[in-house]
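Labels run A, B, C and D following the written order; every chain starts at residue 1.
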Amino acid sequence: MAKADLTVNIGGLELKNPVMTASGTFGYGHEFDDFIDVNALGGIVVKGTTLEHREGNNYPRMAETPAGMLNSVGLQNRGAAYFAEHIYPKIRHYATRIFVNVSGSRIEDYVKVAEMMNDLEDIPGIELNISCPNVKEGGMAFGTSCPSAREVTKAVREVYHKHLMVKLSPNVTSIVEIAKAVEGEGADSLSLINTLLGIAINAETRRPVLSTITGGLSGPAIKPIALRMVWQVSKGVKIPIIGMGGIMNATDAIEFFLAGATAVQVGTANFIDPAVTVKILDGIAEYLNRHNIHSVRDLTGAMECC
Amino acid sequence: MPRKTISTFSVSEVIHLSPDTFVMHLQGVPPLPEVFAGQFAEVEVPGSPDVFLRRPLSIHAADRERGMLSFYVKTVGKGTRRLSELLPGEKVSVVYPLGNQFTLLNSGKVLLVAGGTGVAPMLMLAQSLKGAGAEPTLLIGGRSASDIHVTEAYHEAAEVLVTTEDGSAGIMGRVTDHPVLKENFDFVRICTCGPDPMMKALAVIAREKHVICEASLENTMACGFGACLCCVVKTTEGHKCVCTEGPVFDTRNLENW
Amino acid sequence: MAKADLTVNIGGLELKNPVMTASGTFGYGHEFDDFIDVNALGGIVVKGTTLEHREGNNYPRMAETPAGMLNSVGLQNRGAAYFAEHIYPKIRHYATRIFVNVSGSRIEDYVKVAEMMNDLEDIPGIELNISCPNVKEGGMAFGTSCPSAREVTKAVREVYHKHLMVKLSPNVTSIVEIAKAVEGEGADSLSLINTLLGIAINAETRRPVLSTITGGLSGPAIKPIALRMVWQVSKGVKIPIIGMGGIMNATDAIEFFLAGATAVQVGTANFIDPAVTVKILDGIAEYLNRHNIHSVRDLTGAMECC
Amino acid sequence: MPRKTISTFSVSEVIHLSPDTFVMHLQGVPPLPEVFAGQFAEVEVPGSPDVFLRRPLSIHAADRERGMLSFYVKTVGKGTRRLSELLPGEKVSVVYPLGNQFTLLNSGKVLLVAGGTGVAPMLMLAQSLKGAGAEPTLLIGGRSASDIHVTEAYHEAAEVLVTTEDGSAGIMGRVTDHPVLKENFDFVRICTCGPDPMMKALAVIAREKHVICEASLENTMACGFGACLCCVVKTTEGHKCVCTEGPVFDTRNLENW
């Protein structure tokens, strides 16, 4: 039979396949050059980029949890100008779509970074991170109320002319309301979910494991919640959804498509198997062939239930 | 630096040195990539329901031609316990070689100081230093004689000194109490791996003696190759990843050392 | 050294120890008679009881997930009157505190069941379930908005004269606000967390695993989230907290105490090891002895961090 | 009913009957509690990172005095795969005996019909029926001869009939095509375990023949002993737990059967 068609289209932007990497889990891509051909991926989202250089939170920043982990990196990065000058030139020639995850504490900062990203020719889009649970002000605060989610999306939309993906927080009562608010302000796509706020405690020392006490939970533990949110949001909005949360293999990725995602991002799994993304790609192709499905696009929202 | 790889090894032997210390020998497909003293691996813990992430372990020995990789491990929790129970033939996935290395001086006396499982990278380091033309002395500290596992290979590579807290082997006390650090100190450098307080005390001694101290850190890690930014240490130039810019650091560059 | 003191006091009600069982995971207690001495426990919460008999949701009601499970039982029970007449007489003589988990879809129903429970001498308290994610109306809807949480608590408080524990939903933006609202209406204690809403999909059949599509996620996967919520709520309210979510062993239970819980409930773990509760009890005593801590009460909120 | 227990067994042997079917023999401490034909156990899947819950498996054989418990298992997913790989000596926790049992008639011809792993409880059932005074006939269906694993013990306990879809053993077709269900049907009861469609077809035949059909259901379970209410089936009296009020049901009481 014909080779499976893996191309997808997220709001006008074509990806050669639906497997992207999640911000903060894939560095700038080149960290994986020894393990895989990064060009094989549908897209990569580089780590959270803020206007200014940030040192991030103090060590320890990581705690292993059942089928998952907590992190409190806290957006450590060299700032948007450094990215544009020093990192972008090194990675722009990857034959994959590179998205910059734009993070911040103030709306003006988001706007400034977004403006700077307009000028980077080989950056076809940004992922607006309004859901980082690991910084004191801003971050998640924007993503957990409709008015603030609306406000920051609107401000960035006004200045940013390419693909605007907005990344939603799962730490909310109704993610659909936030999704609709953001869609209403002109987002081109939605990515979800960011991490769930959690704590790990060391019973022997009677201290929190993380320097920040709370951190963001990722990994397979959160997959059922992520699938539910993708499914709910896909019923509530028209723009495409990029699903993530605990994807470890092709079957997990397919579940996200069935729930309503057009593409997926792989996060924590990269730490455990740095070649996992290409294995997921192969597995998706194998699934499509085995089920005689021509295009991966036919899986989006194809869960039979209602 | 050699390319990093993910490779599947098969357990050839787990040798128990004491109730909580073991050496794990793995067999892979030769030739292995080149490995330098101080580098580490991220080792899968197979078949463990409670372990999600790989475990970082210093490379204790590597035989490129024969495809052997060895680790020197202390059982401290669920992951290391499961590794200690592996049976010959079981498969283990290993991501390696990771991190930088100790500086290989080609002359002069170098003092290697190991506490606990800090001994893991020291045999290879002593051998490499000797091969390069330096004169290594290896000072190993433990609580008691049962913590000290020095084989012939150690004596071939270095002059070996021992301290134990209970005096059951070598000199009684901690490594920092050993006379070699006091009278006639004629080392050009200290290389150390072990508990932070021990390494910090050595950094202070090195500063007094006006020599460089290289310390190998063991921060908790999620990835081991620079992707997660979880393993940072504060340096004079801000946060650095222990997994890519370390694990070996010149202690002058570490904040509060 | 002296034997560890395991007694705890939840808002005036003394429990012989802090290990209780979670509603819906321990039947009516007698299901465990073959495995353990139920009298050894600090308390048991019997399954969700509604005014009328309920058949619950259709099969399948269960999906295994990474380090957890989804359920959509949907409050199957014979109704409060049946409980009072036929079940209560059989279990009232357990030498442990028996709480009835009161569930419903309408405020009048909660109130009627609570009234009936007043008369059952050996039921020292009820757990008001305003957080069930598995029924169409009511349940979780009450627990995800402050006004409705306040309203139902107030109505029940007016008629119910014994210990009123209110069980909170984790599917909210701010669990602290809900907790404060409920405390303000006179709840004696708070129990948290109920399950997180999730989905499991069978990629091969392309269908949801559960008949209801969504279900409630429980087990170790949710422990970091539960610990975080217990910690947040304990900083925001003065009434005691009964913590739960993924407790599998004594160490987990101790983490909940450190985060701020006075007692704990063990849920899903009972399915995997029906004797787990007494092992947890032993483990807590061992921990106290090893750390030279006289009373388990000294662990509550003892996490050193701030 | 005997008391339920949680016991630790040790694997004595895993015998592979075909690439996806195996018998697992466990050794415990005798005497075991009494076990009845049709009862099941909730078996731990040790050392499996992906398996959270126990797995329900029919008790295939139990030797009280020698402390042996056996299971007849088909590899369908991660849990059964891991069980198939267990090595002698590995420890497995088992919660048992669970559920009700097939009715043990003490006279008359009883037809046992098994499809796939539905054969698991059938040997013990045949033996028990024969011991009680009834005359069991066991009809086993599979896709091909390699699915049918009938040992001497089966022939000792029952008259054995076979169907295979490809005709490579016994009569070609499905169990419901077997002549024994058509001409001269002289059974007083049908007992069945296997895929739902097969059992439903047998329930229809039983109704036509005016005999009782007992079917053993395999609903997914979280606990296995009545605590979670996850395993329900719709009966004429509403939802019933398959784990406590089953797994064996008189099919007349099942809705839509």
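Criterion: a residue touches a chain if its C-beta (ideal position, glycine included) is under 8 Å from a C-beta of that chain, and two chains touch if they have at least 3 such contacts.
In this text the structure is predicted, and so the values were computed from the model without any measurement.
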| item | value |
| --- | --- |
| CA centroid of chain A to CA centroid of chain D, Å | 47 |
| Between chain A and chain C, centroid-to-centroid distance (C-alpha), Å | 34 |
| Inter-chain centre distance, chain A versus chain B - centres from mean C-alpha coordinates, in Å | 36 |
| Of all residues in chain B, the ones touching two or more other chains | 51 |
| Multi-chain contact residues (two or more partners), chain C | 65-68, 219 |
| Graph class of chain-chain contacts, one of line, ring, star, complete, other | ring |
| All chain pairs that touch each other | A-B, A-C, B-D, C-D |
| Residues of chain C that touch chain A when the two form their complex | 63, 65-68, 70, 144-145, 171-173, 196-201, 203, 206-208, 213-214, 217, 219-225, 227-228, 231, 246, 251, 254-255, 258-259, 287, 302-306 |
| Touching residues (chain side chain C, partner chain D) in the complex | 24-27, 31-32, 34-35, 47, 55-56, 58-62, 64-69, 71, 73, 76, 219, 268, 270-275 |
| Partner chain A, residues of chain B touching it in the complex | 3-6, 44, 50-54, 93, 95, 219-234, 238-239 |
| Complex contact set, residues of chain B against chain D | 47-49, 51 |
